[in-house]
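Given below, in the form of structure tokens, are the structures.
Two complexes follow with chain A in common, the first pairing it with chain B and the second with chain C.
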Partner chain A sequence: MDSINLRARDEAFIREVEKESGQNISTCYQCGNCTAGCPCGPVYDLQVNQIMRAIQLGDKKTVLEAASPWLCVSCSTCSARCPNDIDVARVMDTVRHIGRREGKTKYVINAFWDSFLQTVRFCGRSYELGIMALFMLRTGRFYTDLDLAPRMLPKKKMPYLPHLIRGKAAVSRIFKRFNDMQQYDD
Partner chain B sequence: MKFAYYPGCSGKGTSVEYEISTKAVCSALGIYLQELADWSCCGSTPAHATDTLLSAALSARNLSLAAEAMKQSGATKLATPCPSCLANLKTARHHMANQEFRRKVDKLLDSPCPPLGPKGEEPLPETYSILQLLVEDYGLENIAAKVTRPLKGLKIAPYYGCLLSRPAPIMQFDDPENPTSMDRLLEALGAEVVPFPLKTECCGAAMGIPRRDITARLSARLLDAATTFGADMIAVACPLCHMNLDLRQEQAAKASGVSYDMPVLYFTQLMGIALGLPDSDLALDKLSVSPAAALQKIGKEISA
Partner chain C sequence: MRIGVFICHCGSNIAGTVDCAQVAKNATAFPDVAFATDTMYACSEPGQDAIVAAVKEHHLDGVVVASCTPRMHEPTFRRTVERAGLNRYMFEMANIREHVSWIGKDKEANTNKATELVRMAVEKLRRDAPLYTKKFDSVKKVLVIGGGVAGIQAALDCADAGIQVVMVERETSIGGKMAKLDKTFPTVDCSSCILGPKMVDVAQHPNIKLLAASEVTNVSGYVGNFTVSIKRRATYVDWSKCTGCGLCTEKCPSKKTPDKFNEFMGPTTAINIPFPQAIPKKAAINPDYCRKIKDGKCGVCAKVCPTGAINYEMQDEVITEQVGAIVAASGYDLMDWTVYGEYGAGRYPDVITSLQYERLLSAAGPTGGHIQRPSDGKEPKSVVFIQCVGSRDRSIGRPYCSGFCCMYTAKQAVLTKDHIPDSQSYVFYMDIRAPGKMYDEFTRRAMEEYGTEYIRGRVSCIQPNGRGQYLVRGVDTLMGKPVEVLADLVVLAVGVEGAKGAGKLAETLHISYDHYGFFMESHCKLRPVETNTAGVFLAGACQGAKDIPSSVAQGSGAAAKVIGLLSKPQLESDPQISVVDIKRCVGCGKCVDVCPFQAITKQSIRGEVKAQVIEAVCQGCGLCVATCPQGAIQLSHFTDNQILAEVNALCQC
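Then we have the complex of A and B:
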């Protein structure tokens, strides 16, 4: 078993997670309720309670290298069952925010999120076929959901053209200001 | 009864049957839904997973539009059928009670949101799910009084998904783990509600595209449970839940090795049937798994 050097606690990381999530991480006493209820536990490399423990220990590397935050479906079962009222799902969200700012975007879910947001940025609303095309280009997974096409297309539920709204430039400016702000913060 | 209305992007695409039936049911009940002019996407999960501020700003643009429109129209509440939109709009408003956060959101927008009042009053409207408004504001007795084709003999598993009632401090609706609003609504329509212990267990959410193995596994559990409890169909209130359970039902079957033939209907479609609305208002032909056999139990013939 690996030993843990408590003197190497990254205090700034703990404070960053606590401030951004608005949660008091130190109240977690490792009861494991979050993990017991987590629907994604079977595909996680670190269970939710282990992520919480790693944050308490200021072990930033372990937290940011874990795949679990990128597999979390934000169902908030963990938050609902925490006896200390920690919004654990919000902590997982915060870990993703920090991870993305630090360039931890190798997980495939990021390609989906980026593709989704790119369509919102340019159209003002999400555009399903555009998301699929961008996702395929980003990942090379050109076979994604092709099995659904025969079910989907005859139902005419996927508009071929995007819904371009009048305020699309205003939405685009939200993204631009957000990106500028993040670069400025760095 | 008049509500400002935020349909959400999927209502114009993959959940068009939810949108059609929601509007038709509200119209039949005398509820006027006023769609926000030029509404934009709330950013859904991709935005809140990327950054809380970005997510709040995308929602705040719509909340500002709603505040202005509601001042003109006198609508009292903002309504949306989609739980993901609901969660984002509610969360944004919740966070914006914090002045520092509000200032940062305002900086991302073309024009700042209307400011908090002198005593901290929030001029941005609160958002409610169509389900909540129908059950709490319109009332189950009033709905029951309009039923012309009771769903008698139809066994339905009520599936709420994760977001309608969670996180509880923000959603402030029903019980976070054992909600019963949709159960009671379906009973008011005359249906038999089967016990469904997985009513708030996740279906796999937006993992369908990037990680279908996760979605297939989680959706299969729900389809298994509905089958075990003898349901003729599942009722849902969320476009993403619907996509995972209906459109992706074969993918779930491949994951579990069991074949399913489980119709999944929006609760508004079931309301429309019970209220005797014409087929064009129900859009049952948009469903992937045909409910034709199940609906024969109540003597409803459909071509799909």
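Then we have the complex of A and C:
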């Protein structure tokens, strides 16, 4: 097992997380309240407090390669329980943003996010069947979760046609504006 | 006037970033400066001797020392100039360490700033006048507020030294929190067995006057001469007749009165004696639950009382006492833990505080020392302890460590195993803080010999599982995995705060207190039992969370301070106080209103109303000086002229 190199602390990464999340990572004293309340803890590879510790250590590689941020459901229980008022859910979100920006998204969840956002862009809200189709195309995983379809379809949990909302053009413009800003930033 | 200036190097503390020799050279050019030099350590013995020698050699009338903060060494140098034959107030100090050398690295700028500060001090000293202290008598009596272990210790030590003690206790018995405990760490000896004799000593000591069921309502006066108003709450029992036989408590029909002493773990009677070792062992009626007082129908206790001590017509009574010093020992209370929704916010009967658990463990408690769950009275086989409930939690405004919870939790885990050998205790903790003598060894014993399961992590929720147990979900951060435990009983190590009403008491005593109701000591390291109000001292957990040994030590410490103060034949007043120029005073009385010490009164001089400062009471805060619309009040040693001279000196540099 590799030992932790305390001299190789990636200060820029710590500052990046702190700036984007608006949270002071050094106030975390590792009590474990975030992990204790996390509903996804059982499926995480690194627990929330370990992610926080890795950020404190400036261990960018460990943080960005962890599956946990992508499995986080953003329920914000961690933020509610934190005795030091750290918005931990926001830190997890920031980690996902940085991961996406740096192309460190080896998990298929990224494909799911893209598919989800794409349907929102065109329908103004999520379109489940569309997400499924796009996700399958992106990942090539045609049979994943297909067993759920027979049960969901009769309950109309997965309508064949998208529900369009009235302001879908406005939602679309938000996406466009975001893309323009990103290009401007680049 | 001939002034001597001494620039201290403070080793390299000042000399590292200030050119001290240059500052001394610059100082020779200031008006009235007859001598200036730099010195390695002005406060050391050779440093002080050099000041004395220079005063004599150069015939100096005043001395400026530029060194550290006056809080540190002003008294030292005042004594030095006195030794040299000068008045102790012909001395000024310029702080060139905290205000200059420690806060800047630019040597040239620092040297300039130090020179300016010295110049200000010189200008102030040129306008100083000798001041003389006055002597006054003090009352050789001390008021101890609170009858917990700290107050008891302070009272006994003072009384043994021959000082009269008035002890005021809010409850009907002294003993405080320690009387509620079953055993004490780290020796696991019986709490009431070691406290009981001390409580009896208080009751029997000829120098101690014990006022239970009483509260301090007003304090006026000053060090050596306080006048204290004490409200004696009506107990509806004439304590001079009550023998503590307990017949009334057996017959009282109102058997569902909340039992404050037992932390509400069981009901008691409307007339009761809180616990068998109570001092004074006298009955008192809770008027909110007494049927006679509420509805006028009952009177059973009056019928059975063999001495006729019951008096339903009793009224509160206010008495006054004259004392020379006050020891505040009002203790602590648990914070309101029901802010934590994840622990049930008080909805689950079997989630209790550690103090409630103490009462369940105690042989004198509501269950007779058998651990029984509040919900169904069953013996718990699985007990979960959660530490740091309301401690070290910034999000609810409790950033501090309560200090003793780690230890009593370990003790309670040990006692649980003693009471129920086939039980298992689990302790969820963040860090184990056991820094006292034999403390860490004790927590190790709890783990190694008593098999207590310590889990490094927090609990996120407690849920009833519908079968009488509680599912406790937490984390083991060392393994990085969630943990679930089924518990029969959950004990919360709830953090502490200043006792209820501590803020009001602090205002009555004119002392400072923090957000959490703890009283502020005068200096966190060097004056831990003094307050900023002369003659008022602190003992025990009212100053900050403390365990029993520390509370007892501080009780003795406060007593030593009281004895030192009151053993002087007469007290000296500080002459740095307000002085009224009666020619300018128009008698508007604004100064009387703003004075926080009631040190100013109105007097009539030849038919005109004028302000008068009571010299021994004035603390020299200067509020009246700032308030006076006529500029008729001046603070000796800090007159307007002196402060303006300092400002001028600064602006002319």
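Rule of thumb we're sticking to: the second predicted complex is superposed on the first by the 163 of 186 C-alpha atoms of A that agree within 3 Å, B and C clash if a C-alpha of one lies under 4 Å from a C-alpha of the other, contacts with A are read in each partner's own complex, and residues count from 1 in each chain.
Throughout what follows, a residue touches a chain if its C-beta (ideal position, glycine included) is under 8 Å from a C-beta of that chain, and two chains touch if they have at least 3 such contacts.
On a predicted model such as this, the values are computed, not experimentally measured, just so you know.
In the superposed model, more residues of chain A are touched by B than by the other of chain B and chain C. In the superposition on chain A, A:G41 makes contact with chain C only, while chain B stays out of contact range. In the superposed pair of complexes, A:R166 makes contact with chain B only, with no contact to chain C.
In the superposition on chain A, A:C31 makes contact with chain C only, not with chain B.
Looking at the shared chain after the overlay, A:L71 reaches chain B, while chain C stays out of its contact range. Once the two complexes are laid over each other on the shared chain, residue contacts for A:M132 go to chain B alone; chain C is not touched. In the superposition on chain A, A:H97 makes contact with chain B only, not with chain C.
Contacts of A:C82 after superposition on the shared chain: chain C is touched, whereas chain B is not. Annotation: chain A residues 42, 77, 81 touch chain B in one complex and chain C in the other. Listing the residues of chain A that touch chain C in their complex gives 27, 29-33, 35-38, 41-42, 46-47, 49-50, 77, 81-85. Touching chain A in their complex are the following residues of chain B: 9-10, 12-16, 38-41, 43-54, 57-58, 61, 107-110, 162-163, 166-169, 176-177, 200-202, 204-214, 217-218, 247-248, 250-251, 285-286, 288.
Within the complex formed with chain B, the chain A residues making contact are 20, 39-40, 42-43, 71, 73-77, 79-81, 87, 89-90, 93, 96-97, 100, 108-109, 111-114, 116-117, 120, 124-126, 128, 131-132, 135, 144-145, 147-148, 151-152, 155, 157-159, 163, 165-168, 170-171, 173-175, 177-178, 181-182.
Residues 342, 388, 392-396, 430, 456-461, 473-475, 477, 480-482 of chain C touch chain A in their complex.
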